[in-house]
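After this come two complexes, each holding subunit A, first together with subunit B and then together with subunit C.
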Partner chain A sequence: MATEYETSADYIQHHLTNLTYGRFPEGHWGFAHGQEDINAMGFWAINVDTMFWSLSLGLVFLAIFSWAAKKAKPGVPGGLQNFCEYAVEFVENNVAQVFGTRPNPIIGPLSLTILIWVFLMNLMDLVPVDWIPHAAALAGIPYMKVVSTTDPNATLGMSISVFLLVLYYNFKIKGPIAFGKALVTHPVPHWSMYWFNFILEMVDMLAKPLSHGLRLFGNLYAGEMIFILIALLPFYAQWLLSLPWAIFHILIICLQAFVFMILTIVYLTQAHETEEH
Partner chain B sequence: MNINLTILGQAISFAFFVLFCMKYVWPPLTSILRERREAIIEGLEKAAQAEKELEKANDAAGQELEQAKKQSAELISQARSRASQLEEEAKDRAKEEAARIIAGAQGQIDQEVSRAREELRAKVGALAVQGAEKILGAAVDRSAHENMLKKLAEEL
Partner chain C sequence: MESSLILVAGGILMGLGAIGSGVGIGILGGKYLEGVARQPELQPMLLTQLFISLALVDAVPIIAVGISLYMIFAL
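Here is the complex of A and B:
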């Protein structure tokens, strides 16, 4: 596939570029043609491929699970039904282990959504790297990044949403005074060090959503990068590397979806803990 | 790699997905799981109970069988002893009957013999007298020789 591109660097660059629709500096809106355009657009642009794939996969997730929810009966479940129920039970158990049995209407469905949605987005990484971009190119679409989780916008979008929820629960459960007090009295509980504690707590707090989102992004981006590098090999040798890497990657995509979910549960649990530590 | 509006779009769609999941996916599935868990617990309890009952029933059946066996053995031995008793009785009766018949026959025979003897005696007396008459050529006085004739008849 690399033959259509002038150099391997071009090929890699192409596969790592999103299909971006945004506002050019001159004021009109349109699709970007290359990285320079994207850089020029800045914040006022949207990655159409990321949005398309993540929304589609999210709808697939909701379709499957709402079908299962509608069909659910206490009798013996069938194949897909069983899978959905197993996933729900798995999430429920993890929530019960970390978060405990505090009543919270959102943590369960939130974790389930994260687990399945992130897994489905990661799963697109196992589709051979050239199939969909090539088909898109034939249809006249210049760029097509299939794996939404290799776009930091997607992962940070989720992790920041989780962070906002964490802030909300911090205020709701601890109250603004206790929450503010917790920000300045740790780790050194002396009034003269409150400014220092505050800086530390702020760093700690802001690092959470960043590391949360970038961990998923980094893992998937690196995995995708290796698939792209393998795709540069001659076609008869690719399977030698892509097969073991794909098999290994099955583990990574599940694990990263699971890690993202568990961290979400952990952060929300911390937001609910009122006792001094 | 650029942060742009996509981050907002992602956050918004994420929020909608979670809301949808909260409303239409999570509650029915978790409640069904709970129901099934309870149904399974109930089923297992029932199975354990049924097993216990089965064991009890098996025990009872075994006891019943044992008792029936004992009873039948008893009946058989009773029947056997009764049969042998009947046999003995029949044998005894047959023996008695046979003895009785034999005794009757013997009596009859004796009677016949004694009658024949009597007859013979009487006839011998007469015959002897006739013979003597012929030999002597004269009539023997029966009354004169009554004693001798009697002796003779008794010797027979």
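Here is the complex of A and C:
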């Protein structure tokens, strides 16, 4: 498939470049043509393909689940209703196991949304790497990165949103005073070591959203990269390597969606723990 | 010269990250098997916990792989 590209590095570069809309240094707005334009745009740029795929997959998730919920009837459930009930029950069990029975209106729906949404975005990785970019190129769109979770902007955006929720619940449940006290007294409860505790807690605070987002990004980025490298091989070797990797990748796709959800629940649970430990 | 240095750096980044987590995941899997052998009825619960800690350990080398691939292809 690498025929219309100069070298294999060009092919890889093309498949790893987002369709970016942003402000050029000269002041006008437009689509970037290549990595140099994206670097020149800096902050005032948005990855249109990431936004499009993540938002439309989010709508797909909402549509499927609300349709199944409206159509649900007593008796033996059909295939779709079965799947939705299974997903909801799975999330419910996990929330009950980790979070317990504290009253919280947001954690259940949030976990379900994260699980299915991340799963759907990861699932786009199993679409052969050339289909959608090639179709987009025929339609006149130069770049198209289909898997939203291979864009750190998307994954870090999600993890930072979770982090903001954690801060909100820390303030709401523990109160600012108890929260501030927990920040400085935790590992060594002695006043002369408060500055040290504070530094440790700050590192912990910053590492949480960073590793939360980068874990999902790194797994999917590495997987996508291996699919792209396989696509560079001659056609008779592709099937041989792509199939085992795709089957193994199904595990990674489900596992990463599950882990992202579990960590969200764990972080929110930590924000709700008021007793000393 | 500079691009070949980036290739070497990416290789070291991936390799060293893989060593530590390889040992870690090996110990993790071994302990899981031990636990299941001792109490087979706990297997489903242990499997969930295994996957969670597996993904936590997995994150470090995977982040290293992501960063090194980024260095090699996007810089």
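Here is the rule we use: the second predicted complex is superposed on the first by the 275 of 277 C-alpha atoms of A that agree within 3 Å, B and C clash if a C-alpha of one lies under 4 Å from a C-alpha of the other, contacts with A are read in each partner's own complex, and residues count from 1 in each chain.
Just so we're on the same page, a contact is a pair of C-beta atoms (placed from the backbone, for glycine too) under 8 Å apart; a residue touches a chain by one contact, two chains touch by 3 or more.
Source: prediction; values computed, not measured.
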Which of subunit B and subunit C A:274 touches, first, second, both or neither: neither
First (subunit B), second (subunit C), both or neither touched by A:74: first
Partner chain(s) touched by A:8 [first = subunit B, second = subunit C, both, neither]: neither
Touched partner set for A:82, first subunit B, second subunit C, both or neither: neither
Which superposed partner A:46 touches (first subunit B, second subunit C, both, neither): first
A:256 touches, of subunit B and subunit C: first, second, both or neither? second
Touch count on subunit A, higher of subunit B and subunit C: B
Intersection of subunit A interface sets (partners subunit B, subunit C): 16
Subunit B - residues contacting subunit A, complex: 1-11, 13-15, 17-18, 20-22, 24-26, 28-30, 32-33, 35-36, 39
Subunit B-facing residues of subunit A, complex: 16, 18, 20, 22, 38-39, 41-47, 50-51, 54-55, 58, 61-62, 65-66, 68-70, 72-74, 84-85, 88-89, 92, 105-106, 108-110, 112-113, 117, 151-154, 156-158, 160-161
For the subunit A and subunit C complex, residues of the former touching the latter: 9, 12-13, 16, 35, 211, 214-215, 217-219, 221-222, 225, 255-256, 258-259, 262
Partner subunit A, residues of subunit C touching it in the complex: 51-52, 54-56, 58-59, 62-67, 69-70, 73-74
